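Should a chain be cited, it is by its letter among A, B, C, D and E, assigned in written order, with residues numbered from 1 in that chain.
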Amino acid sequence: HNSSKANSNSSVTTISVAGPDNNRPYTYPDNGKIGGYYGALLGRIDQDLKQYKFKQTTTAQNSVFVGLQSGKYDLAVSNWWYSKDRFNTYLHSTSNGLDDLRLITKKGGKTANSLKDIATKKLTLAPISTDDARYAFIQDYNKKNPKYKINLKGIGDQSAGDALKQVSNGQYDVAIYPYAAYKPVSSTSEGTKLRVSKSIGLENSYFLLNKSDKNEKLLKALNKELKKLKDNGYLGKITKKYLYENTFEFPGANSTFNTDPTK
Amino acid sequence: MKLSRIITTLLSGLPVTLTLLVFSFIFAAAIGLGIAWLSLRNSAVCYNISRLYLGLVRGTPPLLMLLLAYYGLPKLFLLVGININDWSKLLFGIVGLSVGWSGYLSEAFRSAYLSVDQGQYEAALVVGMNPSDAFWRIIMPQTVLIALPNIENLVIGLVKATSLVYVIGLVDMYSSATDLSNQNQGVYQLEIFVVLALIYWMIVLAIEWVFRSIKKEYQYVTV
Amino acid sequence: MLLDIKNIKKTLKNNHVLKGIDLSIEKGEVVAIIGPSGSGKTTLLRNINFLETADSGMMKFRDQQIDMAKPSKEKILWTRRHMAMVFQNYNLFKNKTALENISEGLIFGQNMEKKTAESLAEAALNQVGLIDKKDFYPSQLSGGQQQRIGIARATVLNPDIVLFDEPTSALDPELVGTVLRDMKQLAEKGQTMIVVTHQMSFARNVADRVIFFADGEIIEQGNAEEVFDHPQNDRTRKFLSAIAEDY
Amino acid sequence: MFDFRFAINSFPKILSVAPTTIVLSIIATLIGLILAILIVIIRERKIKVLDSIAAIYVSFIRGTPIIVQLYVVYYGLPQLLVALRGMGINTNSNGLPVILIAILAYSFNASANISESIRSAYHSVDYQQYEAAVSVGMKPTRAMTRIVVPQLITNLIPNFSNLFLDLIKDTAIVYNIGIVEIMAKANIMSSLGFKYIETYLDALIIYVFICWFFAKLFQIFEIIARKRISHTQEFV
Amino acid sequence: MLLDIKNIKKTLKNNHVLKGIDLSIEKGEVVAIIGPSGSGKTTLLRNINFLETADSGMMKFRDQQIDMAKPSKEKILWTRRHMAMVFQNYNLFKNKTALENISEGLIFGQNMEKKTAESLAEAALNQVGLIDKKDFYPSQLSGGQQQRIGIARATVLNPDIVLFDEPTSALDPELVGTVLRDMKQLAEKGQTMIVVTHQMSFARNVADRVIFFADGEIIEQGNAEEVFDHPQNDRTRKFLSAIAEDY
C-alpha cells in the first residue's frame, strides 16, 4: 500500500523519508534533500542498499510525524531519542548515532553540571521545543526524579541560536543541548558569552518508521547496515565531521550504543 | 550578515509564494462561487450543505487546513484507490489554501450578489434577455465590482497566509527566511524577519495598487 | 384587441394586491393608470410582463393565449420580446455605457448583429439628442438623461406595447418636461402604451383613456374629462382632491 | 494507526488550555479595539503627521504575516529594551513574559484591522444623520456618540466578528514563542509518542466549536443591536 | 432685520456654487427660493447653518455679527440653537423613536430636563396628529409622517428661523398635501421661514417673497405675482416655462 511505488526496475522499493527542516547540524533542507549528519548517513545507506531508493523531503518537525503516522512517510530521520510511547507507536531501528548532552550557562552566571543541579539550585531552564526529544528527555527525567523536578516549559520550533541567546542575555539560567547544537553558536558574538558544561550523558538516537510490512523488511536491512557502518567507523567519521566531536570515542560509548532502551 | 545576501535568499522563495498566491486565489474563487451558488439556491438542503461547509472551513486554522490537505487528502483519495502522494507539495499547499479561502470568498460573493439591485436583473429580462444572459452580462459584473474591496482584503490575507506553508515543508519566502536564520543559528533572525516583513509589505502594496487601478478603471460603474 | 387580460389576481404575503382585474388595450391606444400609493399599479405591470407570476388570470397578447398563473418559459420570453418596460428608477445597466444600454437588448434579446444593433442604438440616441453621451455610464448622467435613455432602450426594440411605471416621479421638476415630451412624441407616432403616472397633466393631455386604480381594483375608467372632471366614484373624488394643490 | 483512546484522553487536556486561546484573543481584541478607536479618530480627523504615521502603520501591519510580526516583536522588543537601557533608560528586558509579547503582537495586528472595519462602518452611516443632529443644536461630539456611533455599531459587528474569529485562528501559531494554547498543548501531548493526528483532530474540533460559538454570539449581538441600538431593521 | 447676509461666496471643487449673495430676512417673513437643480440652493442653506463653511461672507443674525468664513465654535453652536433645519430626506435619527427624535434637540441642544422635553415633544406630536406613533421608529413610518415629525423636531426648538430644503420632493404626491398644510399653519403663526421648494403653488400661496436663484446668484425676487406672472429676466422665464406643464 501507501507510497511504495514500483519502479521501472521492479525489485527497487521506494522509501519516502522525511526530516525536520530546522535541526542543524542533524537535518536541514538541502536542495530538496536532507542535509547534515542524517543526509550523509542516508546517502550512504541508499548507496549500500541497492534494493531501496530513498525519496527525501524536509518539513516542520511536527509535520514530519503527522506524515509518518498517516503513512505518507515511511521513515523519519533526525536525532530521535528513546521514549516508550514513540517506540510503541512506530517501528524503530537500532541506534544510528550518539549525542553528547551538555548544559549551557552564562559565563559568570550560575553554573550547572547535572540535571539535578538545575533542580537543587532552582535554575530556570530555557523552554524546549515540545517536538524535541530533549522535551521528552526532561519529562522522563522528572518522572524518574520526582524529588528533583525541573520546571519544564514548552515552545514551538525554535533554533538553538535563539534559545542560547536567551541564556546569554540572562532571560534563562540554563539550556540543555547536544554538543553539536551548541558548538556552532559558540563562535557567534552571543555565544562567546556562554559556558558549556562537561558531558552530562550520552543519548542514543534511532530511526522511526511507520508500521507496515514493507517497513518491517526495511528495518531488518537498516539494522544490518547500521551495525556495519558502526563497525567500519563510518558513523564515527560522520559524527566527527558533522557533530564536531567523535562521541564514539567517549568512555562508555560502546556500551551505551549497544543497550536496548526497551529492556 | 550582508543585506544583499538576505534579500537574494528571501527572493529565491518568491516564485513559490507567488505561485501559491495566484493559483490558490483562482481555485478558492472557483470553489467560493460554487458554494455561494449553493447557498443562494432556493433549497434548504443546499443551504445547509453550504452552511456546514462554511462552518467547518472557516473554523479551521489555516495551519491545520494545510496539514489536512497534505496528509489527509491522500488518505481520502486512497480510499477510492487513487494515489496522489506523489503530487508535488506545491499542489497540496494550493489545495489547503484554496479550501481555506473558499469560505471567505463565498461569503464575499454571496453578500455582493445580494446587494446588486434586483431592478438590474429585471431590466435585463425586460429587454428580452434570457435569464442566463442577464446573469452573466449584467448581474455578475456588478457582483464582482461590489465584492472588489472584500476580495482585495482576502487576497492580502492570502498573501500572508502563504507564509504558513512551512508546515508542510514548502520552501517559500518565509521558509527561506527561517532557514537562512537557522544557518546562522538564529543570530540574524531579527534583521532577516524585518527584511521579510518589508518584502511582504511591498507585495501587498503592489496588490493594493492593482486594485486601485481596477477601481479607477470602473469608477463610473457605481453599483 | 392587442392585449386582453382577464381576471388577474395576485396575493403578496396574504395581501390581495390585485383582486381580479380585466384590462384590454387596443393597438395604438395610450392608457394612463392613476391611483394611490400601494394600490397595486406596479404589481399589475410586473405581472403583465411576468416579472411576477400571477395567482390566476388569462392573457391574450397578439395571437397568443397565455395562462398568467402558469406561463411557459418560451411564452414569457416571447412576451418580453414583444413588450418593453420603462422603470421609475430608470434601472439602466450600471455596468454598461449609454450606447450599450440600448444595444444590449437588440443583441441579446433579438439576436441582432452587434454592428447593426449599435447603429440602431446610435440612431435612437440621436433622436433623444444624447448621442454625445453615448460612452457615458449611467452614474455620469442626470436623472432626466438616464430616463430618456431608458425610454430609448425600450422603444428601440420596436415593441408592440411599452409599459411605463411612473417614469418621471424620480426626476427633478425641470427634467420632467423633457421626458414627458419624449413620451408624447412616442404616443403621437402611434405607439401603444400603458403609463402609470402621477402627472395628471400628462394623463389629461396625452392619454386616450384614464384608469383610476385603488386597492387592487379598477374603480373607474374613461377619457380624461370623464375621470378628472366628472368622477363617478367617491374614492376617485377623494384621491383627486388630495392630489390637487389646495393648501 | 489512529489511536482513538489517545485522541479521547487528550481531548480534555487540550480543551483545558482553550481558555488561554480565548483569553489571549479577547484581551488582544480589546486592546486592539482601543488602539483602533484612536487610529480612527486620528485618521478621520486628519490630525497632521499622526495621520500619515497611522496610515503607514495600518498598511504595514495589514501587509505582513502575523507570524512575521510575532517574531519581530519577540526578537525586536528585548533588543529595543536593551538599546534603551544602553541609552540610560532603565528597562528590564529579561523579565518580559512571552504572554505579554503575544498580547502586544496580536493587539497591534487587531488594531490595524479593526480600525479599517470601524472606518468603513463609520462611512456607511449616512452623513446626514450627523448633520441633522448638529442642526438641532447638539455639540459635535454628542452628535457622534448619540446618533452616529449607535448606528455604526450594527454595521461593524459582522466584520468585527470575522476579525475576532480570524484572530482566534491566528493564535494557533503563538506556540512558536512558547505559549501553551490549544495548538501548543496538542503538540506537547503528541511529542511524547510523536502521535500528532489524534491531538490535531482534537484541536480542530475545539477550534471549529469555538468559532461556531463566537459566530453565533456575534449574530445574536447583531440582532439585539439592530433592535435595540440602531433600529435599522425594517419592522414588518 | 432678523437675518442679514452679505456677499456670501462658496467654491466647491473649483465650482463657484455661491457667487456673492446678499440676503435679508425680516422677522415673520416667509421666503421661498426656487431655481434649477444644481444652482446652489441647498448649499446656501447649509452655509447659513454652518454645515459648510463659506469662503467669505458676513452674517448678522439677531444681535450677533458672524464672519461666515471663520465662525467660532461658540457662534456656530449659538446659531444652530436659534435656527432649525428640515431636510429633503427627513433625516430622522434612525436609532430614535418619533418622540425621542423631537426631544433629543431639547435635551442635548437646549439642555432641557428630560421630563420637560418629553412633554413638549408629546405636545408637538399631538399638534401634527401623530401622538399615537410616538414610540415608532422612522423605519416604521411613511414618508409623509416622517417629514411631519421632521418639522415638529425643528419647530419644537422654538427657533427664530426654520430652513426648509425641498421638504416635499421625496414624498408620494398624495402625501405632499399633509406636509404643506403643516408648513402653512406654521407660516400663519408667524414663524420666520426660508423654504427651498419646487412646489410653485406653495410659493404662490404662502410665501411673502419669492427668490429665483440660478447659477449661484439671485436672479430675481419679489412677491409671487411679480416673479411668477411678470418675470423680468429671461432665465426666470425659461425656468418657469420648463416647470409649467406644456406637453
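We adopt the following convention: a residue touches a chain if its C-beta (ideal position, glycine included) is under 8 Å from a C-beta of that chain, and two chains touch if they have at least 3 such contacts.
In this text, all values refer to a predicted model and were calculated from it rather than measured experimentally.
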(request) Based on which chains touch which, give the shortest step count from subunit B to subunit E. (result) 2
(message) Show me the overlap between the contact partners of subunit A and those of subunit B.
(response) D
(request) Please flag the chain sitting at the greatest distance from subunit E, going by CA centroids. (result) A
(request) Name the chain whose C-alpha centroid is most distant from the C-alpha centroid of subunit C. (result) A
(message) Need the CA-centroid distance for the pair subunit A / subunit E, whole Å please.
(response) 83
(request) Could you put a whole-Å number on the gap between the CA centroids of subunit B and subunit C? (result) 45
(request) State, to the nearest whole Å, the distance from the C-alpha centre of subunit C to the C-alpha centre of subunit E. (result) 35
(request) Please compute the C-alpha centroid of subunit B, do the same for subunit D, then give the distance between them in whole Å. (result) 21
(request) Scan subunit A for residues touching two or more other chains and write them down. (result) 62, 66, 70-71, 158, 162
(message) Counting only residues that touch at least two other chains, what does the list for subunit B look like?
(response) 67, 71, 189
(message) Taking the top-of-page definition of touch, could you list the pairs of chains it picks out?
(response) A-B, A-D, B-C, B-D, C-E, D-E
(request) Would you tell me which residues of subunit B are touching subunit C in their complex? (result) 117, 119-120, 122-130, 133, 137-138, 141-142, 145, 218, 220-223
(message) Quick check: in the complex, which residue numbers of subunit D touch subunit B?
(response) 59-60, 62-69, 71-72, 75-76, 79, 165-166, 169-170, 172-173, 183, 197, 200, 203-204, 207-212, 215
(request) Using the touch definition up top, name the residues of subunit E that touch subunit D in the complex. (result) 49, 51, 77, 80-81, 83-85, 87, 89, 91-96, 104-105, 108-110, 137-140, 153-154, 157
(request) Sort out for me which residues of subunit A touch subunit D in the complex. (result) 62, 65-66, 68-71, 76, 80, 83, 85-86, 88-90, 127, 130-132, 135-136, 139, 153-158, 162, 169-171, 208, 210-211
(request) Would you tell me which residues of subunit B are touching subunit A in their complex? (result) 67, 70-72, 74-75, 78, 83, 85-86, 89, 166-169, 171, 175, 178-179, 181-187, 189
